[in-house]
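Each chain gets a letter, A, B, C, D, E and F, in the order it is written, and its residues are counted from 1.
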Amino acid sequence: MRRPSAGGEANVAVSLSNFGQEAEFVTALPDNDIGQSAINELRKFGVGTKNILRQGKRIGIYYCEKGAAQRPGKVVYDRAFSSVSESRAEDYDFERIFENADWFHFSGITPVLSQNCYDVCLKMAQYCRKKNITVSFDLNYRSKLLSLSQMKELVLPLLEYTDVLIANENQAEQVFELRCTEKDEYARNRETAEKLFSAYPCRLVALTERRTFTADRNGIFSSLYDGKEQVFSRRYDMDMVDRVGGGDAFTAGLIYALKSGKSLQESAEFATAASCLKHSIQGDFNRVSVEEVEALVRGGTGRVER
Amino acid sequence: MRRPSAGGEANVAVSLSNFGQEAEFVTALPDNDIGQSAINELRKFGVGTKNILRQGKRIGIYYCEKGAAQRPGKVVYDRAFSSVSESRAEDYDFERIFENADWFHFSGITPVLSQNCYDVCLKMAQYCRKKNITVSFDLNYRSKLLSLSQMKELVLPLLEYTDVLIANENQAEQVFELRCTEKDEYARNRETAEKLFSAYPCRLVALTERRTFTADRNGIFSSLYDGKEQVFSRRYDMDMVDRVGGGDAFTAGLIYALKSGKSLQESAEFATAASCLKHSIQGDFNRVSVEEVEALVRGGTGRVER
Amino acid sequence: MRRPSAGGEANVAVSLSNFGQEAEFVTALPDNDIGQSAINELRKFGVGTKNILRQGKRIGIYYCEKGAAQRPGKVVYDRAFSSVSESRAEDYDFERIFENADWFHFSGITPVLSQNCYDVCLKMAQYCRKKNITVSFDLNYRSKLLSLSQMKELVLPLLEYTDVLIANENQAEQVFELRCTEKDEYARNRETAEKLFSAYPCRLVALTERRTFTADRNGIFSSLYDGKEQVFSRRYDMDMVDRVGGGDAFTAGLIYALKSGKSLQESAEFATAASCLKHSIQGDFNRVSVEEVEALVRGGTGRVER
Amino acid sequence: MRRPSAGGEANVAVSLSNFGQEAEFVTALPDNDIGQSAINELRKFGVGTKNILRQGKRIGIYYCEKGAAQRPGKVVYDRAFSSVSESRAEDYDFERIFENADWFHFSGITPVLSQNCYDVCLKMAQYCRKKNITVSFDLNYRSKLLSLSQMKELVLPLLEYTDVLIANENQAEQVFELRCTEKDEYARNRETAEKLFSAYPCRLVALTERRTFTADRNGIFSSLYDGKEQVFSRRYDMDMVDRVGGGDAFTAGLIYALKSGKSLQESAEFATAASCLKHSIQGDFNRVSVEEVEALVRGGTGRVER
Amino acid sequence: MRRPSAGGEANVAVSLSNFGQEAEFVTALPDNDIGQSAINELRKFGVGTKNILRQGKRIGIYYCEKGAAQRPGKVVYDRAFSSVSESRAEDYDFERIFENADWFHFSGITPVLSQNCYDVCLKMAQYCRKKNITVSFDLNYRSKLLSLSQMKELVLPLLEYTDVLIANENQAEQVFELRCTEKDEYARNRETAEKLFSAYPCRLVALTERRTFTADRNGIFSSLYDGKEQVFSRRYDMDMVDRVGGGDAFTAGLIYALKSGKSLQESAEFATAASCLKHSIQGDFNRVSVEEVEALVRGGTGRVER
Amino acid sequence: MRRPSAGGEANVAVSLSNFGQEAEFVTALPDNDIGQSAINELRKFGVGTKNILRQGKRIGIYYCEKGAAQRPGKVVYDRAFSSVSESRAEDYDFERIFENADWFHFSGITPVLSQNCYDVCLKMAQYCRKKNITVSFDLNYRSKLLSLSQMKELVLPLLEYTDVLIANENQAEQVFELRCTEKDEYARNRETAEKLFSAYPCRLVALTERRTFTADRNGIFSSLYDGKEQVFSRRYDMDMVDRVGGGDAFTAGLIYALKSGKSLQESAEFATAASCLKHSIQGDFNRVSVEEVEALVRGGTGRVER
């Protein structure tokens, strides 16, 4: 597992490490105490940090107000001019980074941070394709960062090198202008997956669905589509503790499941249960183990274990 | 906006200030650091404090135990002998207080604190009627402070000068001995509004309804009645963070809506949505903006904005 | 009220003291500042502590991770070699402990801590039978502490001296190998009570039921069976604050109700309402009063009292 | 040990209980949850509370801003109309309160709270004199509560029944208008003790001295004078954690030492060391044991014990 | 009082407002919730905020690690691209800002943030000179922000319009290359003041001195020199709570003293005592009143007031 | 760097890792979430954890009450039956542990935990002697854990394999019954070092000295003696934040200095300055870098860096 960049990818790396996978986070951080703190936090969970560049002037931050009941959470981004957004492709030692790697993951937030970041993602994806390293890409569209048309323009060239595409069903429809006609949510999901797959063929399309009842209560489920078969996971309605990182937890669960040789159905269940559990944990990181995810897949209910 | 007094009115002033309205809080506070802290907290939200008297010996306080699940919250009042309850009508400079004012609001807690407070409220209401300043009055009955019959006796003379009467439907029935016959909650609300209006005519009667499922989960809706038309707001079921100040948030929303020229239906929706959002916020003050209230009116669900 | 030992029994004693009963906690604690802190915490609620032994090397502890949503809570026990588990029957002055006592309660966790603890519980139960002191026993099986067959072996001899047996319906079926055939939960509960009663006759069997929707949301109800009549309590669905001590709160409510001469139905309602309220309180202790429990029995909804 | 009233006396009772003495606190508290919390806090430390009256409307409070460096701490009192200040001598059952008592202590703050409080203190002191119960009185003058001349007028009649008088040297000079001529602090202390003793003879005069270097750093020492001999304690310069209750800790140490048959010199050392240790503890209560005080008397330096 | 900009000047404005002066803070803040929070914090203390621009992308921040004992505190700046550093002179409405103003203060951190900031400061200083508004300038050199030679180049043109120059004695020597020869600290201070005054004549030079014994313990004193007379303040050795804002507290004290018509000596005492008290307060703002500063000037020691 | 065991050695490893050294911590921890948390905390600072055994039943803990002023801190140990104290020499894979290692450090607390621990330490020390790996041993005597004579008996055989002996001067005198005659502290330190060296020859003896003025204020210095030359470090008087781990910080500083080829004098200064800085940090770990230690050696005073 190798991945460049900022934020969501760190969450994926930590979760994979908690699943017993060797994972490494690749990014650029300023050479000061704040950058070091970020590295220490990753090391705590066993994530590899030796390919993190120490350069540039600042670490990107965001201010986050947690929502509750009918009041939505809010995010104020302050990521411009961060070390990673100013790092260039030539700053990274691709050979060293991808030595012994079998998977490369990046999220859609990263290539839209700056032209530099875009180049890094594109070149890494191309390099991985050449080296037969699986590439996964989480669309992760944020309307506060750029418009739909900008997003589309940036994203299309990246899809060419993507093996596993992960997207929120709703965003996928919008970004790729799929104009679905189905009303039923499962049928619509299937239509989206098929249209997406025929337009931008890859190995697997994962579509996540989120129903926002209130800021504290969401429902989730997901589908996987490999061009032949589409499977749907169980649905979870959740009284959430913290929803940040729920999507990254899904991604980590999916990568783990696919690498472990689980079937398509098992993979959808594992990834969705992993995501569900993340929503019960304060902070960005999914701290659960494989055993905890599998207990939920088997039908856990949150009864105290003693 | 001018209002005298203790507690709930401060919440209304802060919320109105957060809605971009010029609001001032009129009360009496001891001339010590505790009184100053209270003033600073109001200034933080832009509320005018220049007509606050600095006299008397103590600030009224109350002890509050938050409820949860089937356990109700509890309040222990310690308001006797407070600066405001001992201040007299002649201590206040009516001319200066109501210069340029177009609205005067007070809550039913204030006139029942002491005979002095009662006189202040009555004289200010009379003054405002004379000066053509709109007077709103929130019944706000607390059984721990006095009995139903005492409440009735105190409140009736005040109604004569009230333009906008705000009351909890259930309390209104009891305080005004309306003996409604309807069973359906909407029909009963209508009956209450009509009976109230015919007995104590004013410009507008706002009746709020609260369903207490548990200490953490309440449902609310409201009606407005102007003698001709009655409108009902949308209902909100809420996983509450803090219910203190929910009624004051309604009042502030109503005043804002009426002053902004919204229709009766729009006003009911705005005021109720404002109240709903308050329940998601820790502390007495409603910190939301007009935009946030309107987003909920338009159908917001608490999905994080990013 | 006299009871030996570790943990759950302390919760029962505190709750009984909050109900205005004279209660004493009997255990062994190390003669250091940590042992003294435990005693101080009990004294705070008026629990008698004069028969607590100050000996041995350590206080048993456990690490507790609170669950949320679909993630179950977790407990890591660290109770081996604790003062109480190493104390012997001869260390306790039975005459002094049970002077003026009319009730002795112990929980199933205590006799399984060590052979010593087992002896203490058995001998105290035998002593109480001889002295006509009522003995209540809460099965309280923890699979992390020992196996079902071990549990059965240990527990059976204790039942001979038990007047009031309290058990989770599900655990009762397993520990006593009752092999119930009913599907409906009430019928199954009845079958369990009857089978239990005919095999191990005592004065009263209390069977509690817990439905775990999620880690934060449980439903509870209970039954009482005296060999003639079986009564069921109201059901409570709860958004829980802390579920630790919910069973002990039930036991305390039951002991209080029985000692106060309440009917079987009233006792089931009181005990279950007491347990329900505990789930709304952070920490092990049930801090509510008799009045608060009775308000819930009469139909309270958690509306703030003011 | 029996003592009526508000604040400082509770600190003395807690400290005496921590020294293994049987101590009881006598006061009046409102019959609500706030009053009960105060009682629970006392029970935690083993202080007797069965003679506390539950009547009146409120508990007195004060707001406290902690000082630091050159910035002094500040206190805003809000004690008027408290339960204790409105309780009358006839509310207290003297027979029951002083049954088996051998010592009665009160502080100068209590008789100045109200005429009622004054009567209670005077009558209790007279009762104790008649019953041969030792009476100690801590002058404890607060200029924010009343003037020097008022203080003098109130205090003189109480001295007639005082066996052990405790006073800050500086306040003693002012309240009793002693007009000392000595410049050296020890000589001045001696002169104060002698003048005081000849004017108002009692069994023992304890004079404490405090040097305020900064808000965090004070020096203390004390003297005892029995009409024949005067002894001085060691001096302690302290980096303080919390200075509230330092005087009460001295009083408790003195009572303990005198009741344990320590010599005059030993008593001065014990009381002053007890006071010194209190300054290292957050909160009003002195939590140290006899052993800890004696370790400091023997020359402890604060080296960690392990 | 009017001042533009970022950080230190806000501290000065808050302190002046706490001294009862009308003060306004002029800066640029992003038009988001973070910018609004900053404004609310200023309003809390009564500082005028109506001339604050709401534009640009971010608020400058810094990370601060508090020192202790021999370990120095650390600051990591993240101020680049902030709203204020990108605001231009033409964004500010000089007429409106300086209407009725009699004093303009800025700190040396502001003009070095960016060329834009430099222009704003220079033009405002020029405007004030023309309008006869007193200009004070606190050198406030930070070696982490720029080199000594850069500092000199930037600062010299500003001095031309400075009426009151405030500087740390040590920094003054370095920035202005004064090459003092005296060894005694008072003589050296005098030499610095005289050299500075003859090279860059203004109305008053204030030189502050700080002795850093440890991170928690500093000594301070200061001098004022008006070309004729030099006065020195009392020295204060302080066990500090928080040293950030100590210099700004001096400035506010000095401005208040000069505007109140205090003598040179009184002004030095007031400003230094104000600075001393700030070191006892957590956070950047000096919360003390004129009375508290004057009590320290008169010889206060931090004894609790009660 | 390799070291087995419990507590102090972890502090040494973390500090060495913060100095840029590769360090590994060898111990046994239970295979549960608590054990994993301990490992995560070590990984955060980059300490190697791959040779930590996951076995046994519990992690040793201790309760710690922080001292202040004249009140000493207190420690209550609860370490019996911990995983490490029950682990046996054959559980550890010496070959793998010491592969590429050049230094082995252990503290005197470890061999006294149990006979098993003693065997592990002795055998590892013997193994290292054979493999030419430097062995350092910190005497670290705790009177609460065992008597002086027991300590002596256990420690002597270990000295045979010790290259670098670290001891508190005072404890060294007692444990080794040196009966020094000098009065001056430096002369006495010299005498101790010489006597120790002649009785138990090794490569280097480090003697630390601690003066306990109060619980918050200590003075430290140290000496190094290699049989020929003795050097003394600068003295530091410290207002301490947390003194736990001060000795381990010295050890880590010494190991770093010796491995970096610093002179004897430089090593004493580096180790003592490292220890000094630890006292300014909350928690057991010394978080400072080589640069921060060297800044203090060069004469730092705690002035904020900005």
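Throughout what follows, contacts are C-beta pairs under 8 Å (C-beta built on N, C-alpha and C of every residue); 3 or more make two chains touch, one makes a residue touch a chain.
Source: prediction; values computed, not measured.
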| item | value |
| --- | --- |
| Starting at chain A, fewest touch steps before arriving at chain E | 1 |
| Each chain counted as touching chain D and chain E at once | B, F |
| Same or different contact residues where chain F meets its copy chain E, judged by the half mark | different |
| Chain separated most widely from chain E, comparing mean CA positions | C |
| Gap in Å, rounded to a whole number, between the CA centres of chain D and chain C | 44 |
| Computed distance of Cα centres, chain F from chain B, in Å | 65 |
| Mean-CA-position distance for chain F and chain C (Å) | 47 |
| Where chain D touches two or more other chains, by residue | 74, 239 |
| Chains grouped in pairs wherever the two touch, ordered by label | A-B, A-C, A-E, A-F, B-C, B-D, B-E, C-D, C-F, D-E, D-F, E-F |
| Touch list for chain C against partner chain A, complex | 67-75, 77, 142-144, 212-217, 239, 243 |
| Chain A-touching residues of chain F, taken from the complex the two chains share | 40-41, 43-46 |
| Chain C partner contacts - residues on chain F that touch it in the complex | 32-34, 57-58, 61, 63, 65, 74, 76, 78, 80-81 |
| Of chain D, residues touching chain F in the complex | 236, 238-241, 273, 276-277, 279-281, 288, 292, 295-296, 300-306 |
